[in-house]
């Protein structure tokens, strides 16, 4: 989230699409109801189903699952053709004025540089025209036919309301109302927030869904201001923090990158990433990459990391390919993986194409599950009849189920969806023999090391190089680890005048204090300051809010630098004056940037220097045109899901996202509209959390059994009675559930043909107190987004039939 | 935002009300305290409700209720009705508004309305099994309940449920134990969108006015407060988008009142009945005094003997 | 013209001084007293749940809950035991021409001018009335009682039906109690009656005075 | 009203007249005096309070966790509700959060280390020592077999491609760091969390 949960209360228009906040984030959704109640804000919801969010919305429009890009591009086209954009903002805070290379082009649904064989693009032409001085060429009049603004107008012109209706099935008038309400915030005195979640990410074109939303917000000038922003409503309680930490195949903490084979030395790794500014005076914060990287290596290897040994860079594992979750299970399926550790993870439920997952797990030599509760995965080898029909005797996997403490039995810090780090205090003793993850993993690590000390073996040096300096090595405390995350001075840090600004051993106050010479450490530069010299700010509990804008600057710590709204420089115009009294936030008072929040950059830099708000970008501005940073194009294009009831109405020859990666054996099990005419989408229910609460009595009580939602029309067509058991099958498997026949789902007219949809809640499985069910991921396709490799759970094809038998 | 109530304290607190604050006690006459406590009320704003069932769970947890895991029968309601363990239940109605042509998903939290004139209490034959505090809370007192089910017949909202296990009547207590220590009910505390708020009845009415204004500004011309006069008003009130059609909301009664049959039963019948019985007894008594016993005379015996034959002395 | 025989099996006359007439067999008497006992217990437990002022009666049955639990079961006992009485007595309680006349002379009945009344068989009109009222009311009570028997039958009826049932039950109960009072009072007022149900016998004189035709038929039947 | 009153007082007489006199004299009247304690005692008295946060979604609602000593003298959670001081949720909780107590004491909570032998159809309880030794051994065996110190170009790559780790996204940041350190320290590349799914 660019903004905070509380800040949603400042919105004038709330747009929920690709998510269902009322259902998945009820307590965050509170701030939507607050905006409605206090400011008369309007809520609009666009979703294949009339959701719980829609139940309290002022406007609802349906659309076909998987066609969000078309809908959103329609809105972009509406804003551009009706000139409903915040011109000044667009001119100064986006790359609308940048000139794009002449050899960049788009036709027949493909950008220049496509290679069909590798399903990928050569992106060299997706670039700016550079001036001799090394800066990018711009035209602030936005009239140059090759400027981003003009290219956008051309690119999006096809998405007329009629075309949008044809592709998405959203009635023209309902679509237009959404566009008008969005446009109503392009004024500088009103703001719109966009709230989305997995409904946008879990597509083969997920990143482009979000790109569209970002572009709309930038055109309306809604990024960096109160009640605005792009707000990704994240799933697990600490998925933000764990992603920040970088337990992802290609990540290091703080969004630094894993070394790869092509980067044999530290410098060869760093040189690619120290991005130079593309305009004079821009911050281009990644110029400091080296400081953060070296500080991280100092935390990882401690004293062993020296300038001489590239701070231990050579000990780091180097990535040959990225093992995203789909590849991880593909590799496992090929029998190339020996062991799997599942820490609070239930892949049998949460990975696409269950049959493949079962086959993959069965090929493991061993599986270790660390979880407070039993998961379906840890019992994957157990026969549960039709729900998990396996033969234990044929599965040779050794399985360890380790009891782990639950949230009340541990302490530590959490980073919520809006980057706010809060502390959790321990309330109870460990349950029976359960232990904390920290304890278990430390124990394992030390046991393995001991084995190597005794027996020797491969890769001893890098293993021993890891710094493990804790009071109790078998049980590092949360406090020690939190301090490591923040980082400290290893020697007295002096400024230019030689004055000591940070004494040796002191915690760092900001990442600005980090150095690239090994004199500081710090695991996670973006968190620096959360446990600074003045203590653990995650534990701050001052809930005062002087500005009344829901900032709560002294409650916990919001990374980076305790900033609550990112890019807040954009809440003022180029001269530093607020766009309006209504949206006054950060502004230039003549001497410094001031307001209720922490400014994006050094508060004394005057507006004249035109330092852009988007400090992580070389341009200092935001990108309407993403250059080569995305695999599937610098502008969004409507591509059908890989399983779609119709051919792409715009580019009939193109199946799915041309740049999405598909493994061979998975391509073969895509179903087509002939046998599977019905669009299916999966989603979460408010009564349940993921796959945990089927094991929680109270939640099993309020939503006990898997069901299939369908329209009255479809039920009639298939003669399905409410409450009757139905069979839903895709080309990969089948599930059975009770029919919930509802007015909240309606068939849509797509390209002249009637298309039905069914909704499949995913919270059910064969372990727990809720009624047993086969996981919905028995049905889902094994294909991911072109950039993030997020599986396409939200749009695929199935068929439905009633199962004879009594109605419940 | 309606100001949240401060967190509960982890320490013993003396209850703010109790037996001395009763204004009604089933099947017994009491003399109410001279001063009535400020009336409290729970306001349920249907237009803010997302039907998440947090209230149901909070109710189960706070009151240590164990409900059984049911099945899906093709609807979102679970359990399918109020039970001795489910004191509050979300009821869902899908309604296509003929005027706007829009679908409306009307979700109502069902449960005890804590009537000012409680039909359950009126019907209850067991002294002190149902009590009403001067703050408006109508509470069941388990130890006095005899499980006859008369409260079920007395209730205009079909709320009380009789346990098959211990044969006692159960329903929402408005968390009397929380209110007694200055907290709001568990459901209200949990409600993510503040569709449930709790305070004095006056505060709630003022808050409701705000909400109704907002709804009218969004085109709900018939938005209004549900505080039915038929039962003397309630201490659980609804804000409805269509206050002119309460029936829309899973059959919320249009003008609830204690059933005339129950009134007749607990009223005239009760008195007239005992009068009649008393009268019959009295008349018999008087008749005996006036006309004396009806004795068999010797002559009767002689006649009998004459007829039946046999020796005579 | 012949009249139907007004004698029940077991009725008999024993000449002597005084003449003794067998009126009720042991079976009939036991049956009657079971019925009587249940009716009294039902009245007490019923009234306890009917009027708060009488709730204290529940302590006779060990408290409110047990009263609530026991009352319907006693009802079942009453029903079957009364069924017994019904099959014993219904024939002799069929309405006769003279019953009308008897009713017409109620004033003489109440002022004990039996001589002015028509000769009646084993039962006079008043007794027949009690018999038939009891029969009807007990059916009404058992029927309405089942509807409001929370423990077993709650699920079969709507709340509205239950409300009607509980009202009907209450009214029927009041009426039956009144009928019972009449029945009991009559037995007390008309001396010599109670022995009929205690020892099963009455004196010839009693029979002559109150049920002359019954006596005559017994005698003529005997000779 | 007066009418009503007068009628009632009359009834009292009749009621008593009918049966009350005798039975009343037997002292059954007492039953009415027996009043039950009415309001349930406040259940948070004698508990300890800790400020926590919800384990479920990324709103991270503030929670008040109340606990008390159980039979074995261990602190055990007795009640959970929202923290009104927390600016995000202001004391509210969704149905998951409101039911979190049932998660802590779920029937499927894992109590002891459990082990399933190859081909077996059941779990058996084992000691922590057995489990950890066995896992450490399996780890070393495979690491020794498949760890790559240098790639074919002689570049130090120090990777262990045959081991996978799915890192929990409901763990604390501190746990996340230890997880990263252990997994990467051993040389793992196959590391994922719930960011994608």
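A few notes on this one:
Think of it as A, B, C and D in the order they're written, each chain with its own count starting at 1.
Keep this in mind: contacts are C-beta pairs under 8 Å (C-beta built on N, C-alpha and C of every residue); 3 or more make two chains touch, one makes a residue touch a chain.
These figures come from a predicted structure and were not determined experimentally.
Of the two chain pairs examined here, A-B and A-D, the one linked by more C-beta pairs in contact is A-D.
The most central chain, judged by the distance from its Cα centroid to the centroid of all protein Cα atoms shown, is D.
Chain A and chain B have Cα centroids separated by 49 Å. Taking the mean of the C-alpha atoms as each chain's centre, chain A and chain D sit 27 Å apart.
Chain A and chain C have centres, each the mean of its CA atoms, that are 85 Å apart.
Chain B and chain C have centres, each the mean of its CA atoms, that are 40 Å apart.
Each of the following residues of chain B touches two or more other chains: 1, 28, 52-54, 56-57, 60-61, 127, 144, 192-194, 270, 274, 277, 281. Among the residues of chain D, those in touch with two or more other chains are 11, 15, 31-32, 48, 66, 80, 85, 89-90, 92-95, 97-99, 102. Residue positions 26-27, 30, 686-687, 697-699, 702, 769 of chain A each touch two or more of the other chains.
Within the complex formed with chain B, the chain D residues making contact are 7-8, 10-11, 14-15, 17-18, 31-32, 35-49, 64, 66, 79-85, 89-95, 97-99, 101-102.
On the side of chain B, the complex with chain D involves touching residues 1, 4-13, 15, 17-19, 28, 52-54, 56-58, 60-62, 127-128, 131, 139, 141-144, 173, 176-178, 180-181, 186, 189-194, 270-271, 274-275, 277-278, 281-282. On the chain B side of its complex with chain A, the touching residues are 1, 47-54, 56-57, 60-61, 66-76, 78-79, 94, 96, 102-105, 107, 192-194, 210-211, 214, 217-218. The residues of chain D lying in touch with chain A in their complex are 48, 50-62, 65-67, 74-77, 80, 85-90, 92-100, 102-104, 106-121, 123, 128, 131-140, 142-147, 149, 151, 153, 155-197.
Considering their complex, residues 22-23, 26-27, 29-30, 33-34, 36-38, 40, 50, 52-56, 58, 60, 686-687, 697-707, 721-724, 737-744, 769-771, 807-808 of chain A touch chain B.
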